[in-house]
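Both complexes below contain chain A, partnered by chain B and then by chain C.
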Partner chain A sequence: MSPKLRPALLALAALAILPGFWRVACALPGFGSPVSPYGQAVNALLPEMRRVSNMVSAINFDVRGFDTIGEEFMLLAAVAGTVLLLRGGRGEDRADAGGRIGGRAIVPRADAVVLICRICGPFTFIFGVYVALHAMATPGGGFQGGVVIASSLLLIYLGEGYGRWRQLVREPVLDAVEGAGALLFVAAGLLPVFLGLRFLTNVLPFGTAKDMLSGGLMIVENAGVTLAVAGGFGTVLLEFMEETRATTSEVADPDDGRTGDRA
Partner chain B sequence: MSVLPWVVAAWLFGVGVYGIATSRNYIHLIGCLSVCQSATYVLLLGIGYDWGAGPPIFYDHPPGTPAVDPIVQALVLTDIVVGATVSALLLAMALQVHKREGTLDPQEIKPLKGQ
Partner chain C sequence: MAFLLAAMLLLAAASGLAVVLTRDPRRQVFALAGNGLVLTLLFLVLQAPDVALSELAVGTAATPLLFLAALAAVRINRKRDAADTGGPE
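On to the complex of A and B.
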């Protein structure tokens, strides 16, 4: 198809869809007046029934916990697919150092960047753990916390360079963290089954509202999601970073751009 | 006026589809797909919004005070995280395409032939 015909066809399709869209938009409930009784029932009942104050976490890990297992395994499958594709296409002849594009000058990393990354890296990591731990009380949870934890790993690369990143961020550790997270969630689901109850029934004591350790089984599930998301995103970052490795035939500088002015 | 959020969602989706249809680079195409995806966030959050209601987190205000629909928020939350890993998967595919074909232009790439 010619590149000019494409937008014309698209415009025709848009014209055909537009009346239907307008009807649907006018038939939808007006903005700011929700009609779903499900959400309002959750808001009314769950603070008392589960002793948690964050309704979004209560839905993710209790009311719709089974869906969250599905979502977690979707995440696992997407990460596994990324890893398979990248590792499969990469040869074995890679050195343990970052690659170079020929003819491009090596600019040493500025001290300010190193300093900011060294200060912010640990704080970002701790902030991620904090967000994940307070899932039941305040806005937070394993999904958000896990992503923040994984992004703190990226600051290691930014501040310390490729060689240090490879020393500090180990692939078997990330794999174990990711797998353990998924296992923990499924184990939390199976625990009530062994007690003769339904899958994912909240059997642990609920604790008190507004407490970090409220919600019973939700705490375990939240920990599982945190580990799986942090491990999964870390693995993705690591695999894309591996793509930048130099091949063994290239002469690579192990100090990764920090030679010269710094002794 | 109450139609505006749905129009914004449709506009975001349309802009993304236009980008996908006319894209000359797979990386750009994946970015456009993310724009399409964000239309669903606007739609979902718009459906759950309630004038004058607070967040569905009963920490500062007691249970019983009006709060927006938490179901759609939970959906959007997991959608964003899973969507990010799916984008990573698509980017990995784009890398493979570049290695095999030497180009990232969807219009240059020949269809795969059967064995």
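On to the complex of A and C.
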């Protein structure tokens, strides 16, 4: 396509889209206007029906629990696909040898970075667990707690270096945590089925509002999401970090299509 | 409050523009992380702390790291391929 034609096409497309865009933009509710009818209904009904104070969690795990199962398995499939794509003989020997580019020196971490990461890493981990545990009472939940836990793994990597990090964060453990999370969610859905009720019916006692252990079956589903997200994001981070390692010269990789890999 | 919100929206626009206008991929990753941080603050100002937490962990920590790791892997591979075929770097 010639460069002159491109602005003309853009202008044509803009002319076609702008009237519709303008009408939709004018029909939107104003910025900061009152909550939508759905949100108002949820705010009015759910605190008494489910005795939880975080409505987002109540929608995710109860009102639309089935959607969340779909999202959970979407994440599982994405992580499995990433692991399949990135498998190969690099970095899996836990050697602390980074890939080098053109003889560039590898600068060691500064002591300040190590100190900050050793202080912040464990606290970030505990904060993630806290956010996940209090999903029914305060903002946050399984997904947020899970990603905070996974990012604490990153801080541990920054503080300890690759070799020590791989000794601490084991891949089979992450895999087991991720799979167990997905399994826990499905088991929570099947529990009411065995009692003769519909899938994901909230059968457990609801507890008292603003309590950590309120919401019945939602607690189990939330724990499942936490495990699956923490394990899944941890696995992806680990797989990507493996790609920055030097290949081991003795492990020739026949699938890679390259002969004579050099470290 | 309105002033804070306007400032955050302007900052979000400016940091988003910085991501688009940065041409070097490595610098773009850090611009993206900065944009994620601004969006985190914007969600916080809009009283959505759970969305802010997700954005902070995913947009500011996880995504930039994945991009950096991918860029590093690409450069390491390119170096090794050049060495294998005996071609120039």
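What we mean here is this: the second predicted complex is superposed on the first by the 221 of 263 C-alpha atoms of A that agree within 3 Å, B and C clash if a C-alpha of one lies under 4 Å from a C-alpha of the other, contacts with A are read in each partner's own complex, and residues count from 1 in each chain.
Criterion: a contact is a pair of C-beta atoms (placed from the backbone, for glycine too) under 8 Å apart; a residue touches a chain by one contact, two chains touch by 3 or more.
The shown structure was predicted, so the numbers you read here are calculated from the model rather than taken from an experiment.
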| item | value |
| --- | --- |
| Which superposed partner A:131 touches (first chain B, second chain C, both, neither) | second |
| Which of chain B and chain C A:20 touches, first, second, both or neither | neither |
| Chain B versus chain C as contact partner of A:243, first or second or both or neither | both |
| Partner chain(s) touched by A:196 [first = chain B, second = chain C, both, neither] | neither |
| Contacts of A:148 with chain B and chain C, given as first, second, both or neither | second |
| Chain B versus chain C as contact partner of A:99, first or second or both or neither | second |
| Which partner, chain B or chain C, touches more chain A residues | B |
| Touched partner set for A:172, first chain B, second chain C, both or neither | neither |
| Common ground on chain A, meaning residues reached by chain C in one complex and by chain B in the other | 54, 56, 139, 141, 143-144, 147, 233, 236, 240, 243 |
| Complex contact set, residues of chain A against chain B | 3, 6-7, 10, 14, 21, 24-26, 28-34, 36, 38-40, 42-44, 47-48, 53-56, 58-60, 64, 67-68, 71, 74-75, 78-79, 81-82, 85-86, 89, 137-139, 141, 143-144, 146-147, 209-210, 229, 232-233, 236, 239-240, 243 |
| Interfacial residue positions of chain B with respect to chain A in the complex | 1-7, 10, 14, 17-18, 21-22, 46-51, 55-59, 63-64, 67-74, 77-78, 80-82, 84-86, 88-89, 91-93, 95-96, 99, 107 |
| Complex contacts: residues of chain C adjacent to chain A | 48-50, 53-54, 57-58, 61-62, 65-66, 69-70, 72-73, 75-76, 79-81, 83-84, 89 |
| Touch list for chain A against partner chain C, complex | 54, 56, 99-102, 131, 139-141, 143-144, 147-148, 150-151, 154, 233, 236-237, 240-241, 243-244, 246-247, 258-262 |
